[in-house]
Structure formats: structure tokens, C-alpha cells
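Right, I'll just put the structure down here and ask away after.
Each chain carries a letter (A, B, C and D) given by its place in the written order, and its residues are counted from 1.
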Amino acid sequence: MATVTLRDICKSYGKSETVTNVNLTVEDREFMVLVGPSGCGKSTTLRMIAGLEEITSGQLLIDGVDVTDLPPQRRDIAMVFQSYALYPHMTAYHNMAFGLLKTSKLTKTQVDARIREAAEILNITDLLGRRPKELSGGERQRVAIGRALVRQPKVFLFDEPLSNLDAKLRNHMRGELKRLHRDLGLSIIYVTHDQIEAMTLGTRVAMMSKGRLQQVDRPMDIYLNPANTFVAGFIGSPEMALIACRSDQRGTIRHNAFRSAVELKADNLPNDVLFGVRPEEVSFSRTAGMAQGKVEQSELIGAEALVQVRLGDELMMVRCQVSDAPQPGSDVGLDFDLSRARLFHAGTGQAINLVRE
Amino acid sequence: MDATIAERPSGAGSPPAIKPTRRRSLRSRIASCWLHLVLIPVGLLWISPLAWIVLTSLKTKIEVFDPEAGFLPAALNFANYPATLAVAPFGTYLINSILVTGSILIGQLITITLAAYAFARMEFPFKKILFTLFLLQVMFPIYAIFLTNFVTLHEFGLINTLPAMIVPFVASGYGTFMLRQSFRQVPAELSDAARLDGCGHLEILWHVFLPLVQPTLIAFTIISVVTHWNDYMWPLLVTNSDDVRTLPIGLGLLAKSDSGADWTRLMAGTTIVVSPLLLFFVIFQRRFIDSFMHTGVK
Amino acid sequence: MKSTKSNISRRALLKVGLAAPFVSALPGVISIARAAGPTKLQFMYPVGVSGDINKIISGMIADFNAQHEGIEVEAIYAGSYDNTEQKVITSIGVDTPPALWLPINSALQTFLGLDALEDITEQAKADDIYDDFLPGFLNTCISDDRLYGLPYQPSTPVLYYNKDAFAQAGLEKAPDTWDELLETAKATTLRENGELKRWGLTIGGGWHDWMFEGYCRQNGLVPWQKDKVLFDRPEAVEALQFWFKMVQEGVMPKASTWQGSANDFMAGSTAMLYHSTGSLTNLRTSSPFEVGVAFMPKKKTYGAAQGGGPLMIAKKQSDAKKEAAWTFARWMTNTENQANWSRATGYLAVRKSSWQSPAMQSYLEDVPQAKVALDQSEFAGAFLQVPGYHRVREFLKSALDRTLAGEIEAATALGEANSNANREIARVMRRRKS
Amino acid sequence: MSQRFARARRKEALLAYAFLFPSFLFLATFTYWPIIRSFWFSLHDVVLGDPEIFWMGAENYMRVLDDALFWKVLANTAFYTLTTIPISILAALLLAVALDRKLRGMAIYRSAFFYPVMIPSVAAGMVWVFLYAPGYGPINAALGAIGLPHLDWLYDSDLALSAIVIMSAWKYSGYFMLILLAALKLVPSDLYEAARLDGVSGVQRLLHITIPLISPTLYFVVVIGILHSYQVFDYVYVMTQGGPADSTNVLTYYIYQNGFQYQDIGYASTVANTLLVFMLGLIGLVALTLGRRVHYLGEK
């Protein structure tokens, strides 16, 4: 297993740049998730790591060795594709054997042993003689993973591997992947647009947007301390409310709906800031509360309720117990959990460092 | 490709999901009877020339034009078959036909596979212009330029050789186009996977693309074989001697004599030439249609 | 072509490159490459008549080769007369003509124009050619008193008639004049309820210009000279008007095809047919009725244009080959072979001695029809020996067709054809001079 | 753009050119070079078998303009192409729709309609010469049986070309049928079911669902049809030799006559060049009219 280092990686087609200056180090046995909306450059980055796309500029190291110019088969990586990319005219067994026979010097018996072993782990021993057409989606998925496993590469690359599965199977396979990573100690780079996959699978998450890396951190850190409004908006559901406020230099935040100014400690605050609050960081006040809002509607989602509240001109979501949910149309007081609240620069969207007690 | 085809809504081929009720089956039975009523006469009409060919091949010379003789031969007279084979060396013609048709096919498969792959899956300067140039050939097949091609072959000293019937057809803009369409339908991820599995372009082509576009290759093979197996004009122009001539020329020998065609033997010859192809088609017709279904020509 | 001569290296290179993968499949090429030992002659011939001729000629060649050590003739079936001519001409163009070939006699001027023919006058004089060949046939190979070929398979059109149909109409004798022809055609045309069952007469299409020249000759006109045609002469116009009259009277179809007309005759769809003597055997053996053969009816005189072809020997080849070719040509036209050939095909034997041979005499007893063409050939001359005769033929055929279809007047049509044809002849001759 | 990027691109381009080379070699020799050369010939007096050539300038083109037969031949060719293709495609479409289902004896029907494709054109032409024969031909017998007058078919300059059109339709319909049949199988059956629920009649289903959905294939078939129309040479050569009264003379045959019978390569090349222009025009016309109306399944 190995580390992967990306140094100033760029990708451009003609004049337009799709990936810009990506710097990232994936540690040994790490499960790194590249996440972002479609078109953000995450797949291109993965394909550059795989060697399927030329790296326009920058350097790619695997285990300290510069592989920037090496063809895919010499990078010691394996990849699982979104559509599995199993060869339709070969059986599951041959799909797994094909690349192994071509890239390694293993004998047929050795190859066979590896396939049996991988099949055992993935529980697909019975399916080895079948062709992809005769397999279900989940089974194909396992064969595709098996094809990667048998290669015993330094790094595993996954390109949205679960997006073709139905919801239930997806949950199941997520668990499987986590187990594989843990049990076999794999180094994985995993691309997805699904924040839940990112949050649940990754030991670290690299958030991308518009070809640039926005933030790389452990899932909870990203969740709690997004580096900018984009990350804040992408991670978390329902998304974080960003309330446009005015502030003065000393950290006094004002908004029409606030009963009084909110005091946060920070240096050099700009005049216009965005006050970021997640739905679970707000509660309905039994008293007047810090802010005054009006309930627009509420949705029951099982044990909890999501309540949409109007604050002046803006809407925000509040998560609460079903029993606490107020009636639509009623005026409510809101309390913010100021220990978790964050501010963003209204112009640039960058997070503002707050001095926490 | 597998995914796209497997998930396509199946047409007439698949059994109906709901068990047909009795009323429905009655209705469909009436519909099919009605269809047979129309199709049988039309089919008979279509097939009557073939019947005439076979029956005439079994008649005697005088019977053909004798108004009293009727449609069926008075007695089955198989003598025309050996007599036909004696007119010209049909055995040599057969071998030549196979050599010519086979060489053209093999040559075409090689050239169009390589070219179609380049156009479908590779990036290079002047791609569009080159592709247009290839398509140009679709518009100007050899019959429009046979004259200059004849002169060219003459200069190569190839007149009256088997290659003269082969080389002008080795490249096929049409085949390149057809195969390129099919190649473009092969999911890109498959060739990515193959690259990760250590394949170069040629290996991807051989291990991944060719097995997947088999139906297109079969469809193209049918088109090519039928065209060149039956070609008359070009072999007529470029060959002189029996050593290199093909079956249609043998038939022409029987058809184009000054005192009227030698009907009985011509028809015996036609029967000989057509039967293998016909038998082949009757057996494999489902396969042929399936091939055309998957050609990307849709 | 000119440009290629200067590019031999490129040509040779390409030749090798293209041919290499296929050479193994090429017995023909290899045998040519090994040419040594006996003098090898290529002989290109057409099949004018039926499929069997291919076989007969192959048999003759085999006999010849067996009898002549040191000469090996390769017979190349080259398709129709036109195909043969094309193949010979293209071979001449690259300086590899066949040793000898069998074109239609009309092509004489074409080959002379290409300076391709060996003058064989002296050999022929030293031999018995001028004595024993029928002069009418020999004339078709003569230009400016020099002999350029030996007649081999001459033919003329003759009038075939269906004896059953004649008997039905109460006729016994074939017509002898144009007027009688029209009357006979009227009498044998059969209609039931206005629906035509049988034409009185059909003139074989495709070669109807050949028949038309016969009509001109019967009307006292040879419709061509060495360097021009005379289609617009009154004699020709009158002949065409006569044809048109037969169409108008409803006794003759407006058009036909060469093979179709033979089929029609065999199927009893036409009572009389103008067709080549070369078709005699096929018509006789394939018709379910008795076939009569007669002279083409006369106007001012009997007349016919000579069809069929002579053996011609290439000028551009070694003397050894020329000698061998002469030997072969002589053998093909010897008394016995000509008699056999004539009996097998219906073509006319070219030698007086052939006709007197016992075999031929007994054949004529069995098939007296075979004699008709010979007798008629006394009145026959060469067919349209003008430069560029192919296009000239097409102009004439087109004029005939359009007149019979009623699109145009006979005189106008022939006038147009005449000027078109003469312009074409002038064009070909101008090129030849420059 | 980095150095290595350019290098990799160059490598791929070189490989691509290597892949194209075999095709290109043959295309250059037997398509592009002849087209260029044909133009060059057309400016000269070139005679088959004669190594000498003479510059003529535009004279051959003047001859073409002045050649009444050429214009007739061009009109014949246009007539043949513009009738044969629609007729055989219409027949093929009807057959394909009729045969696109499970039915007893389907293999026999399909074979019955396809076999003419496999009959060598020489033999097919000869058979139809017999079928068209004036007195004893089966077609006239059939016409007579249903009370229609006999026709002279190949002997009638007004009918001969149409006779060849009819036989061409017989010869090619099965071929087109096979391709269309394959296309029909790909039309999703739920579309028909939806239409049936909407009460759309059979003919309307054909016009409004089937035809639009298989229009790319129809377009393809039209192009193939144009290409195959060259084979009319074989029929003319075997059946009529261009007659009667040049009524069946078509461009390929006319080129053959001029080039091979009259040995006039220069003029034949000139006519061939006009054929190229004619083909280009025809395919361009098809591309502009039909090509634009094509609906591609699953494409935006």
C-alpha cells in the first residue's frame, strides 16, 4: 500500500482549464473521497491519477516515485468504473484474469489462486462462470471490485461506483466497501458526487469545485468548519443557512430579525458577513429568543421535523423533535448555538476565523 | 455495449409478459391469417422467377419455348447440370470466386477495422478532413471511375490477374463508416478498463472492440460477399482467361451468345451459383437480421 | 498512356507491392513469367454463337498443340466481339499484343489505324490462299490490295422461317422480294381478338444495322466508303421507309433484342426472323418446329453484309512468333477444320475445298438449310469497314429505332446519323494523321 | 501546453495515421487518383491502346454539351434512380412492417423476399428477358389473364427503362427489407402500445410512429440505394444494350460504350466526371432534404 501525492496538477483542453493546481497527498491506507458537483473536475483528477488522461502540468508521485508520464498499467493502480466496464464477452472469471495475465508475470495457477481468494472475500465464487449479462447490478459491482482486488495494486481508484445501484443496494455496498477497506487495509481514492457517501466512507474528504480543491479534511471537520460558503452549502442536508448580516469591526453582528446584536469574537471583520447556521444548531426558544421568525411550513421526517422559518427576507431550516414543531403561520423565537456558529466573508465566501473561548 | 443492449426495450422477440387471454389469441390468429392471405400470393409472385430458374434447368432445350410443353418439365432432365459444368471450367471459376470474394472481405475487414478505430477512438490532426475523404469513396464507388481504374491496373500490369478484381475494393469508405458508428457505441469505460489492464490500442481493438461489434462485422460481411460474389462488370473488364475468371462470367458465357441464350444450361448454372448462398441465408436469416439490428445503422 | 512510360520505376514498385500478397494465387501469371521453351502464342477469340463454341475451340487448340511440337497456343475466351476487340486494343497499347486474334471484320480499319496488323499478302500468295478461299470472304480482309487476315468464321444474316406457321397460312415458299416479304408477313401475322399472337417478321435487334446494310445493298447501295458513310442516300432512305411500313402495317415489332428475337422465333412468336447464319444450329435444334432458311429477299438485287471475323496476326512480335502464328492460322483454316467448324456452328466454311469434302456434302444433304448462306454470300460484301465504326453503328441504330418508334422521319433520321457518323469518322482520322 | 503532452499527442496521431494508412493507400490509388486523372483525361484526346495523347482543352466538355445522346442518357439515369429507389424502399418498408412479428413460416417469407439479392445480375437480367418476352412471356400471360393488353416491354422504347426499374425493385427490395426489419425491431414496443391506447389506426401508426423512428435507417437505405443504382449497368448490358432507341442507355453504360467500345477515353472521362457531379448532387440533395428530417432515437 502506498501514498499518492499530487503536486500542482493541472488539466486543460485547449485553452479551457478543467483542473487547476490540485495539491493533495493521500496517505497509506487512507480512504480519500473526492467529492463535488458534476463537472467540478473530480473525475478528471481521478483519471489523471489512473493515467487515462494526460496530466497537462504538475507532478504525480506514487510512493515517492514520479509516475506522471507512465502509462496506466505501469502505475500499479486498479480502478472500478461507474458502469463497472466489465467485458461483456468474457465470464466474470476471465474479466478478473484478463488484466492480471497481461500486466503481471504470474502463472495461471497463481492467477487462479488470487481470483479464488478475491471471489471468496466478495462472496462471488458461484458467479465466476457467468457473463456480465447474466449478473445483477450488485453482482456486477462485486465482480468489478474483484477485478481490481486481484491486481493487488498500491492504490484503488473508484469512479462513482455506487451510482448505478438502487438505494437499498447502495447502502449495503457502502458497508461492504467500508469493511473491505478496514479488513484489507487498502489505499483508496474514491470519487462521488454524493455527500453521504463522502461523509460515511472517507477517512478524509477532498472537496472540489470548478476544478479547484476547496478543502481537504476529515468528514466531521469539513462538516463543522467548512472553509467557504461553497463547502458549507454542499455538505449537509438540509443545507446550512447563510444569513446576510452587517457587522462592525469588533464582532457585533446585526440583522433585522435579531432581537439584539450577536456578539462573536473576531479580528478585522468586514462590514458584510454571512452568518452560517446548520438546522440542528437552532432551537425554538420558549422565551423570546435571540431572533424572531415566522413559521412558513414544517415537514415531518420520522422522529424529527424540519421547519422552514422566515427571518426577515430570508428562509432557514430548523431541525427539532416532532413534538416541538410549531404550527405554520405562528411567530417563533429562535436560539442559535453560538459555539458552533460561523461567519463567512460576504464578498469572497471564505470562512472567517473566530476566536473561540 | 452490453449494458445498452441488455436494457433496451425488447421488441417482438420477447414473450409477452401477460398471458394472452383466449379472446386476444383469437384476434391475433385472425390477424395472422389475414397476413398470410396477403403474404402468400406476394411471396409466390416474388419466388416465381426462382421456380422458373429451377424448372428450366430441368427441361430439355426444345421444351423451353414449346408452347405446348407447359410449366413443368415433362421429365426431370438433370443432364443440363453436367453439360453446364462442361461448357467452362466452373470448378476454376468457383475457386476464383471464393478467392476473390474472400480476399476482398479479409482485406476490407483489416482496413476498415483499423481506420474505423482511428476515427472512432483516436485524436489526430485533420481527422475531419480525412473522414470526409473516406466518405467521398462512398459517393464515388468504382463504377463511376472504372475507366481510370482500368488504366491504372493496366499500368500496374495487373490486368487478367486475381488481384485486379481484389485491390480496387480493399478499402471501403462505407465499411469504415459503418464500423465507426458501432465503435462509437462501445462505452468509453471499457477501453479505459482495457488500458488499465495493460492493453495498447491494437490490443484494445482486438480484445475489446472486435468481439463487441461482431454483429456489424457480420452485417458488413453479408453486404460485401453478396456484392462481390455477384459482380459481373468489373471481372468482365479486367480478366481474359479462364484461369482467373469468376462464376458470374461463366454465367455470362451462357447468357451472352449471339444466337440467343442457352436457357437450360444458363439456368442450371444459375442454380449452381445461387444455391450455396441461398441455403446459407435460409439457415442463418435470423442471425443476419439480428446483425443488422446491432450495426449502429439506426 | 504516355505519362506512365516515364515512370517505370514507380510503376514497377507499386506492381510488386500490390501483387506480392496475391502472387501465390496466380497460376496464369507464373506460367507467363516462365515463358521459354516452345513458342507460346496467345490467341484471343470471342464466342459469337453458343456456349459450346468455347469447348470446340478448346478442343481444336488442344489438337493443334498436340500436333505441333514447338508451338503452344493459349486460347483466351475474351467475351463478345466488342470485348475481344477491347482486350486486344488494350494489350496493343502496352506493347504486349496477343499473337493473333479473331475480331469482327468491321474492325479492320480500327486495327490498321493502330498499325497493329501483319501484312500477310506475300505468304498468302505463296500458299493456296488466293485460290481456295472464297473471294467474297477474303475481300473482307483486304485493304488497298493488301491482305491482313484469314477469314475464319464468316456469317451473313439469312431469313429463317417457321414452316409450321407458313403451312398454317397456306404458304410453301419463302418470299423472294421485298413486296413478297411484306405480303408473307401480313399472311403469317396472327392476332386473336386484336391481341397479337405472332409477328410476321422480326429483324434481330442489336445487329439490325447489319441487316439494314443488307437492305441497302439489296437496293443497290453500299452505304459506306473507306472514309465516309452514305446513310442519307435515297436507296437507304427507301429501305428504312420500307421497314417503317412493315411496322405500320403491324407485321413487325418496332424493336427487338438480339437474343430476345431468337427466343421469340423459337417460341413461335414470330414467323420469320432475320438472324445470323451462326445461329442456325441453335435455332434448328431448339425449335419445336421445322426451321426453313432462305435468302434475304431482294429489291434490285440480293445483297448482304458480311459478318463474322477473320484471324488477324500481330505486327509487333518476333518473327518466330509470326511464323508460328501463320502456321496456326493456316491450320485453323485448313479444309478439314473449316468443314468441321462449319458443321458444328453454322458459320460458313471459308474454303471451296471444305464445301466439296465428303463430310460436308453429306451434312448438306441432311441440313440443306446450311447451303443457303453460302449461296447468298456470293452477293455479300464487307460490313461497315470505316474508322470509328462502333460509334457509327450506334448512330445508325439510334436512327433506325427512332424512325420505327415513329419519333422521326426516315430521311431526317438518316440525314442526322449520316452527318454524325461522318463527323466521327473525320475526328478519328484527324487524330490518326496528327 | 507541456512538452510531454505534445509528445503523447504526437504518438497517438502517428499511430492513428498508421491505422489509416492501409485504407488510405488503396483509396488514394483507386478513388482519389482516378478522380484527378479522370479530369486530366477529359482535357485530352486519349485513345485506349494508343500511347499518344493530345491536349484538347475544354473541347470534350463542348462535345458533351452538344451531345443530344448524353442528355438523353442523363435523363434516363435520373429517371432510373428516382423511380427505382422510392419504389423498392416503399416495397421494402411494407414487407418489413408485415414481417416484423412472430408468425409461422416467417423464415420462408424472409428468404423468399431476400433471395433475388443473391442472384447474379447477369442471370437475373436473363430471367427477366424471358419474363418480359412479348408473346410467350409469363408477365404478358398474366396481364392477359386479368384482361389487360399485352405490352412490348423491352421492345418498346417508352417502356423498356420502366421494365428495368421493375426488375430492379424485385432485386433490391429484399435487401432493404432486411435492413429495415432490423431497425423495426429496435422501435420500443411501448410506443405502439401507447398509440394503440390512444386509438391510432394502423396506417397512422406507420406514418407517425414507425417511419419517424426508423428514419435514420431509411436515410441510410436511400444512400445505399443510390450506390447500388450503379449496378443497372449489368442489366442494361445483358438485357438491352442501351436500346431500343437509346431508351435504356444510362451513364455507366454510356461511359463503358465510349471508353471501351469506342476507345475514346478522353470523352468517356468527361462523361464520367459529369456522373461524379450528378452523384454528388443527388447525395447532396438527399442529405439536405431527407437528412435533415431524420430523428435519431435517444439523441437530442
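Keep in mind that, in the parts below, contacts are C-beta pairs under 8 Å (C-beta built on N, C-alpha and C of every residue); 3 or more make two chains touch, one makes a residue touch a chain.
Here the structure is a predicted model, which means the values were calculated and not measured.
Fewest steps needed to get from subunit A to subunit C, stepping only to touching chains, is 2. Chain centres were defined as the mean of their Cα atoms; on that basis the chain farthest from subunit B turns out to be A. Per-pair tallies of C-beta contacts place B-D first.
Averaging C-alpha coordinates per chain places the centre of subunit B 38 Å away from that of subunit C.
Here the spacing of subunit A and subunit D, counted between their Cα centres, is 58 Å. In whole angstrom, the spacing between the mean C-alpha positions of subunit C and subunit D is 35. Rounded to whole angstrom units, the spacing between the C-alpha centres of subunit B and subunit D is 15. Each of residues 65, 67, 151, 167, 252, 255-256, 261, 263 in subunit B touches at least two other chains. Multi-chain contact residues, meaning those touching two or more other chains, occur in subunit C at positions 1, 14, 90, 93, 258-260, 263, 267-268. Counting partners per residue, subunit A has no residue that reaches two or more other chains.
Across the complex, subunit B is touched by residues 47, 50-52, 71-73, 77-79, 81-83, 85-89, 98-99, 102-103, 132-133 of subunit A. Chain contact summary for the complex, subunit B toward subunit D: residues 8-13, 32, 35-36, 38-39, 42-43, 46-50, 52-53, 65, 67, 110-112, 114-115, 117-118, 122-125, 127, 130, 133-134, 136-152, 167-168, 170-174, 176, 201, 226, 229-230, 232-233, 237, 247-248, 251-252, 255-256, 261, 263, 266-267, 269-270, 273-274, 277-278, 281-282, 285-286, 288-295, 297-298.
Listed in rising order, the residues of subunit D touching subunit B in the complex are 9, 12-13, 15-17, 19-20, 22-27, 29-35, 37-38, 41, 95, 98-105, 107-131, 136, 138, 170, 174-175, 178-179, 181-190, 214, 216-217, 220, 223, 227, 230-231, 233-234, 237-238, 252, 255-256, 259-260, 265, 268-269, 272, 275-276, 279-280, 283, 297. The part of subunit C that touches subunit B in the complex is made up of residues 1, 4, 11, 14-15, 18-19, 22, 25-29, 44, 47-55, 74, 76-80, 83, 87, 90, 93-94, 258-263, 266-268, 275-276, 278-279, 281-283, 285-288.
In the complex of the two chains, the subunit D residues touching subunit C come out as 29, 45-54, 69, 129-130, 133-136, 144, 149-150, 152, 154-158, 239-241, 243-246, 257, 260-264.
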